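Written out below as structure tokens is the structure these notes cover.
Labels for the chains are A, B, C and D, by order of writing; each one numbers its residues from 1.
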Amino acid sequence: MFTRILIANRGEIAVRVIRACRELGIQTVVVYSEADAGSLAVQLADHAVLIGSAPPSDSYLRAERIVEAARRTGCQAVHPGFGFLSENAAFAEMVREAGLTFIGPTPEAIRAMGLKTEALARVRAVGVPTLPSYAGGGSLADFQRAADQLGYPLLVKAVAGGGGKGMRVVRTAAKLPEALEACAREAGKAFADDRLFLERYIEAARHIEVQVLADQHGNMVHLFERECSIQRRHQKIIEESPSPYLAARPELRAAMCEAALRAAQSVNYVNAGTIEFIVDAHTGEFFFLEMNTRLQVEHPVTEAVTDVDLVQLQIRIAAGEPLPFRQADLYQRGHAIECRIYAEDPANHFLPSTGDLLYVLPPSAPHIRVDSGVRTGDSITIHYDPMIAKLIVHARTRPEAIRRLDAALAAYVILGVTTNIAFLRDVLAHPDFLRGETTTRLVERAFADWQPRCAPLPDSALIAAALSLLLQSGAPAAHAARVESDPFSPWARLDGFRVGA
Amino acid sequence: MFTRILIANRGEIAVRVIRACRELGIQTVVVYSEADAGSLAVQLADHAVLIGSAPPSDSYLRAERIVEAARRTGCQAVHPGFGFLSENAAFAEMVREAGLTFIGPTPEAIRAMGLKTEALARVRAVGVPTLPSYAGGGSLADFQRAADQLGYPLLVKAVAGGGGKGMRVVRTAAKLPEALEACAREAGKAFADDRLFLERYIEAARHIEVQVLADQHGNMVHLFERECSIQRRHQKIIEESPSPYLAARPELRAAMCEAALRAAQSVNYVNAGTIEFIVDAHTGEFFFLEMNTRLQVEHPVTEAVTDVDLVQLQIRIAAGEPLPFRQADLYQRGHAIECRIYAEDPANHFLPSTGDLLYVLPPSAPHIRVDSGVRTGDSITIHYDPMIAKLIVHARTRPEAIRRLDAALAAYVILGVTTNIAFLRDVLAHPDFLRGETTTRLVERAFADWQPRCAPLPDSALIAAALSLLLQSGAPAAHAARVESDPFSPWARLDGFRVGA
Amino acid sequence: MEFRFEHAGALHRVRAERDGESFRVRVGERTYLVELVRAAGNELVFRLGDQVLTAYVGRDGETLHLAIDGQCFKLNLAKPAARRKASESGAASLSAAMHGQVVRVLVAEGDLVKRGQPLVLLEAMKMEIRVTAPHDGRVVRLLCKAGDVVQRAQPLLELAEV
Amino acid sequence: MEFRFEHAGALHRVRAERDGESFRVRVGERTYLVELVRAAGNELVFRLGDQVLTAYVGRDGETLHLAIDGQCFKLNLAKPAARRKASESGAASLSAAMHGQVVRVLVAEGDLVKRGQPLVLLEAMKMEIRVTAPHDGRVVRLLCKAGDVVQRAQPLLELAEV
């Protein structure tokens, strides 16, 4: 087993990997940008190495600096987290060539699944259904001809895409040229590859994905599904396991899990990966969308229902250990839901809300889990994803999990930036969500004009505001109350606390 | 369903019940003593009613004041938690007579199981094995004669006992009179009932208990076992489910769970209850010890492996709802361990350590749960149990759960009082514990002369100490660092923050 | 002490003063006797009768951010801010909706534009945001250029109604 | 600034001062360049080379409670406390091991007692604690009576060696 691992990431996923390493008795090194010098990940890691300025292109995407940091600090392996270099085959190769272990699949598997068109051809070859599509590569006229053949609505997607970037739904032929241009621009920026392709667009679609784990000894298992249909602007915001759609269709679940294993085997996959499917809610047909050759943001819901620690398993597999279970040993128990808490304004096109986190108090209650990389005093900046936390709950049944999640969201205090908490609570309370009738367009359809309920200002808020100012104003302190001291307060203490020569 | 519940308790269990009520949408009222005016339970409840001074005899044991508070605040039901009045049949009766619902069993069941000798006779009648014993009631000479017949070692126990109070192991006839006197004194104080009885004492004993749940419609299920063999001074400190002893003996588990159901049925039990057994590790024989007619401190380990929220079920059952599952729907998955973190000194006879909690930072990581009723600034006083928190972890396997618990204990920061954290970590690391070969005497046998490992003072600690004093001394603040502000600091702010007329 | 808070366009006056161990707080015509239970960090716990309330308070300049009972409020401590004024030309300025970088300016000074027409492309956190014309008009003045980093609410251009 | 800390009977001298954006801290013969990362609440985060350390600090009178790297330390800020002194009679006082209430005093002044013999019964948190004689001796003076509430370390009686 490794004794020291470098984490080539930031934020909550870096923290998550550090916590897994602590339980395994492995030391951690994080790399960080100047903007993250005081981050929670830097604080929790055993060592931290500065690799550049805030823009990812000068730090978290600088493969050579990261490999150099790993070598210099005596690490044996590199965990890429998700995003940044996690699906970059050249990085995985560079890590391998430096004599280190990349905690993830081989560069070959990353490359094979990274180019969407190649991935589609591969999985089709092993009998996994895919959406009717046009592989692109031609002129605008070629795209227009292919689009007419596929029929509208259709999706324009980036060949190197992922995470909703470089993707547009097009409903009429007239809008196609504009969509192609916008997608190419976004894709060029995000992936340095502006190639596009077209795909059939399913109106009543559910996004359901299957987690797989494979070791270096030829053993592979699936860890059931996650449903991630609740999305805004093609970004997942609520994920759950089991899928309410598959709960009533065990034979469909079995077929999808089996297809996922075949897809992963088609590239001799090793380590943790996810096969994303789109399911037509009307027909029950499912289609391979893509394989994510890394850990997913929403991996905690799988951990909650299977009791498998995916990050620890990733590390064990990379170290050469065999899987400690067979397929028959695995189970999917209870119901888990995750929601992503963002600094964004759902009433204003989900625009990110940058600023300082004046105060953050995560909820505390049985069977909830908070994965977060920020705390009071940190800032949400323009440079990185504005996610504040993932809140995950687990309960025996789906209705109990929804109630638990709602209570936890109600107790989550975040001051200083606008968040999507009120929005998430309204989505959880929507009749379609409660019935499990979720499609990827629920948010767009039912929450297009969402506004936060305008709560009248209660007197208690005004009392609290006045009291807080009164206490700060230097008026006589309330002696009866317990007033906590902050030894690192920059304000001088008046009680004569002064020691030393 | 109830709309408002009164909680007749304090500390972590009051907080636990409040959290359950929040998920159920039920308002809460807590009663509190003067010492608890600023407690977390008071803060989290919707309403709080002062019922007396710090000594429990003037507050938490004042049944009439509690019932009056419930009536005055419009509650429909009373949750007694554990300890205090939770197993007091007269209190349950008083609640019923006030037209309120007691969230627990009937006064009749409490009474039947509360008198140990009656309880033993009842369960023996339905074929549940009990320890050879002498029912007491006679003179010292009668006790001495019975003891000679039972043979030494034996246990002196209080008829109304529980929680290790009024209990002594006696190994020779010479020590019997002294033990009887001490037990009678303790029992009289703790339970207002100084009657005693004698029981066979098993040297290699394991304490294994079975959780049961019964509704008002005649349905009853068990929720498998908890093993609570790790005890100090007859107080449980580490509890787990499944029991490592029963994991290898499924037929014994089935027999014990079946016996537990029979014992509970013998008093027409309703609501949550626990049947405690002692198991002879050498022979595999099991004997009924007592039934606890209330929630247990260690209920979270059962919740972790069964996904059943016991507190919410208690409330639903009391409201007349039927059990939402049958025995066959229940499962026991993964492995859960709880440890109790006490303000006490394990190197000095586990003497409680009173004082102020200068700083408390519970660990934060996936699949851990912290149930606590105190936070930074609170005090551990002479009046109440010195438990600071229960730390519960859940994992797929027992070794993973142990590693997770150890990492969480290492991350738990408690400043101001001596705690048993280092001791608990040493118990978890003991070869017998790791092998699951736990008996109730492990602590007494292997940790009698335990001392904390004397870590040499690292330079980093001295650096931190000096830096903290330097920052407080009014020396120029470090501008590069992020320094959080505390708006309620009693020390005046120097930056001209002053608003209002 | 009297405090004035602006919230959602309304002005609230609150008087608060100590009264023995408690505080007397007057909100409009209502007077409350408030007992302080705990003030620690950003947390304020107080009692009104047998109700115990917890508020979390943070301050950012003249704005008090406050969470109570699962809801967040922003209270402004200053006098009501001066309304955004039309410029001398009779034009109103269009501002950036968030902190970001200007990718492209799609119009020139003097251009006539239609309601909904894209004027400026911003990028932030890898996302493109399009600033569109809120009404038909004429671009009076450009206040940004491609490559500029702009703050939230910073004016990007002035648009006159025509 | 120089600070002196007593820990486990040993005295440690530490000099700390600002040096630009960092701090220079001298512990014995070793000098560290320390960069402060974060100081918030009771939490202090600092950097030593590429190592990032978090310490939690609380203060109780002249005692600094400190947790770092999973271990707790108590550092005394004052000069080493005066050792417990024998009284004029040549007797040493026996103290309460914890805050509690005296249930019963089992001896009288002048009594000769054996090592291990119970002298006083205390009760705290519903638990009985027995104060026993650490050696054979004579009870010189009783300093408590049944019903007294006693603090941790408060003398209960004086016992002379015989």
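In the analysis below, contacts are C-beta pairs under 8 Å (C-beta built on N, C-alpha and C of every residue); 3 or more make two chains touch, one makes a residue touch a chain.
From a predicted model like this one, the values you see are computed outputs, not experimental measurements.
**Student:** Looking at chain pairs B-C and A-C, which one is connected by more C-beta pairs in contact?
**Tutor:** By number of C-beta pairs in contact, A-C is the larger.
**Student:** Let me spell it out: compute each chain's centre from its C-alpha atoms, then which one is farthest from chain D's centre?
**Tutor:** Relative to chain D, the chain whose C-alpha centre sits farthest away is C.
**Student:** How many angstrom between the C-alpha centroids of chain D and chain A?
**Tutor:** Centre-to-centre distance between chain A and chain D: 49 Å.
**Student:** Between chain A and chain B, what is the separation of their C-alpha centroids in Å?
**Tutor:** 38
**Student:** Can you work out the whole-Å distance between the CA centroids of chain A and chain C?
**Tutor:** So the centroids are 30 Å from each other.
**Student:** Could you check chain D for residues that touch two or more other chains and list them?
**Tutor:** 1, 3, 37-44, 57-59, 77
**Student:** Could you list which residues of chain B touch at least two other chains?
**Tutor:** Residue numbers touching two or more other chains: 38, 376-377, 410-411, 468-471, 473, 481-488, 497, 499-500.
**Student:** Going by the touch rule stated at the top, which chains touch which?
**Tutor:** Every pair of chains in contact is listed here: A-B, A-C, A-D, B-C, B-D.
**Student:** Give every residue of chain A touching chain D within the complex, in rising order.
**Tutor:** Checking each residue of chain A against chain D gives 29, 37-38, 42-49, 73, 376-377, 485-488, 497, 499-501.
**Student:** Would you pull the chain B residues touching chain D in the complex into a rising list?
**Tutor:** 165, 182, 185-186, 189-190, 348-349, 351-356, 358-359, 361, 376, 382-386, 410-411, 413-416, 454-455, 457-471, 473, 475-476, 478-484, 486
**Student:** Looking at the complex, which residues from chain D come into contact with chain A?
**Tutor:** Within the complex, chain D touches chain A at residues 1-4, 37-45, 47, 50-52, 54, 57-59, 77.
**Student:** State the interface residues of chain B toward chain A in the complex, per the touch definition above.
**Tutor:** Per the touch definition, chain B meets chain A at residues 16, 19, 22-25, 38, 300, 303-304, 306-309, 312, 324, 331, 333-334, 362, 364-367, 369-371, 376-378, 394-397, 400, 403-404, 407, 410-411, 468-474, 477, 481-495, 497-500.
**Student:** Across the complex, what residues on chain D touch chain B?
**Tutor:** 1, 3, 5, 7-8, 10, 12, 14-18, 21, 23, 25, 27, 30, 32, 34-44, 46, 48, 53, 55-60, 64-73, 75, 77, 97-101, 123-129, 152
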